[in-house]
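The structure appears right after this line, and notes come after that.
Labels for the chains are A, B and C, by order of writing; each one numbers its residues from 1.
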Amino acid sequence: MEARVIIVTGIPGVGKTTVLRELLKEAGKKGARLNVVNYASIMLEMAKEKVKGVGRDDLRCMPIDLQRALQMEAAERIEKMIAESPETIVDTHMIIRTNQGYWTGLPLKVLRKLRPSLFVLIEAELSEIVDRRLKDKKRKRDEVLIEEVKEEMGFSRFVAASCATLTGAPVKILKNPAGKQVEVANQLLSTIQKLRGA
Amino acid sequence: MEARVIIVTGIPGVGKTTVLRELLKEAGKKGARLNVVNYASIMLEMAKEKVKGVGRDDLRCMPIDLQRALQMEAAERIEKMIAESPETIVDTHMIIRTNQGYWTGLPLKVLRKLRPSLFVLIEAELSEIVDRRLKDKKRKRDEVLIEEVKEEMGFSRFVAASCATLTGAPVKILKNPAGKQVEVANQLLSTIQKLRGA
Amino acid sequence: MEARVIIVTGIPGVGKTTVLRELLKEAGKKGARLNVVNYASIMLEMAKEKVKGVGRDDLRCMPIDLQRALQMEAAERIEKMIAESPETIVDTHMIIRTNQGYWTGLPLKVLRKLRPSLFVLIEAELSEIVDRRLKDKKRKRDEVLIEEVKEEMGFSRFVAASCATLTGAPVKILKNPAGKQVEVANQLLSTIQKLRGA
């Protein structure tokens, strides 16, 4: 049986983590076996093997070339993990905002390793994303943040379209309205199951 | 003489079929030889060779993996058809809305077979597209449909940009206002003729 | 030391030329060595080697196939120039508006030659771009021009996202408000320097 890879993405504040947690619960209830791999955690794990005690924030401050090398190494590790499970969800980002600009979490080289069957873009209302981000830290004026979030959501879709063209896999846009994470998780589960023609 | 391929796309409701019909008429009047291939028809033809009596709606309900395999086989057949004519128009879609998300009609593997010289995106006013779709079936509230059409038009452009980057061929956006299909057909004909430096 | 390539793009009217002029001044003040290559000039140079006396406007009127061939030859020449400098800025376009549609300045084949480390999109307010373009020639009604500029800015971003996915390099969006070209040049310089981890 072919191992399937489902890429789940969403910009910070859309509620991706919550949806994925509910997804695992719902899958469990239905007896479905789902493996979730967090791309950033694998990158951190690999960085720690090289530099003991390195943290997530240290990674973000590294020059982008080093991050790109790590991204590629992580793709190779994930490629191996994928083979062990009939269905793997890779929890990652279409784009990462860095001080060198938007960096893609899914460049062609990574796509060639992961060979995904589906891309999922979790989206939410601008105002909800902004609210969730402001809870974290109160550093920016609302209007600036709204513009930033709008740009990130747009750029994520543009990159998703490119991923779809390169791989031939579809892009599912899932809206995650406040309080509807269980419904969204079930929608996601049903989309994944349809991949198998179930 | 090199065989040229022009990809003509448009989301349902933009009036693509009408424009292409007028294009053939206008080309005929001017003695231009144009071959039009409908991608979906080729896919259906190939499916029928495998499963007798299979219909267009059956295809749409197949798991996407099977549709993708059929898409690739159709690309190979079209590749052969292309070689027989100096200019072939491939009537297809940038994106297809499926229940597994937006699926591209022109993934890299297909682009490599078709080697297009030009991509055409036929577009229309949101309200006109919605009106044309509502005539077909009255199933959705207008606002929902407007949002859907907006998203489809956007995603089609994103995919078109990716196609342009992968192939180096330009993307012509043609607006098709109600009642102007003959003018649009002539614009398209003139764009195609310019490819030859005519 | 690896030679780095930074692609700087912007649609006509965003003030790209001014920003690049200020960038060279600011880099000079700080003793940084930056090499700037103008893609269109290289294309013109190569065309002149073939057809004596050919001008920039003649190029634009050539059938797109010839322009594409010239674009590829220029990429090969630029590839050689890049190797001679630790950092090269390639001044070019994400998209070029032609009468055959949007043509990309950075198709995959060109990206493979230039192997860029960073893409920069210089953007400006719609109204400022329109004002700058109207100063050049008064040929179009404002609303038509505003729609055109909006479409060009959008399409540039879509193509940039595709470039990011193909290469893995980030896309930096730099806003260039009227009168702030020195600040923008310094932002650009600092982004370039961060590439080296400086």
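In this text, contacts are C-beta pairs under 8 Å (C-beta built on N, C-alpha and C of every residue); 3 or more make two chains touch, one makes a residue touch a chain.
Not measured: the values here are computed from a predicted model.
Peer 1: Between copies chain A and chain C, what's the superposition rotation on C-alpha atoms, in steps of 5 degrees?
Peer 2: Answer in degrees: 120, to the nearest 5.
Peer 1: Examine where the copies chain A and chain B touch and state whether the two sides share over half of their residue numbers (same) or under half (different).
Peer 2: Different; most numbers are used by only one of chain A and chain B.
Peer 1: Need the CA-centroid distance for the pair chain A / chain B, whole Å please.
Peer 2: Once rounded, the distance between the two centres reads 31 Å.
Peer 1: Among the residues of chain C, which are close enough to touch at least two other chains?
Peer 2: 158, 161-162, 165-166, in rising order.
Peer 1: Using the touch definition up top, name the residues of chain C that touch chain A in the complex.
Peer 2: Touching chain A from chain C are residues 117-120, 157-158, 160-162, 164-173, 191, 194-197.
Peer 1: Going by the contact rule at the top, pick out the chain C residues touching chain B in the complex.
Peer 2: Counting only chain C, the residues touching chain B are 62-66, 68, 71, 95, 98-104, 106-111, 151, 154-155, 158-159, 161-163, 165-166.
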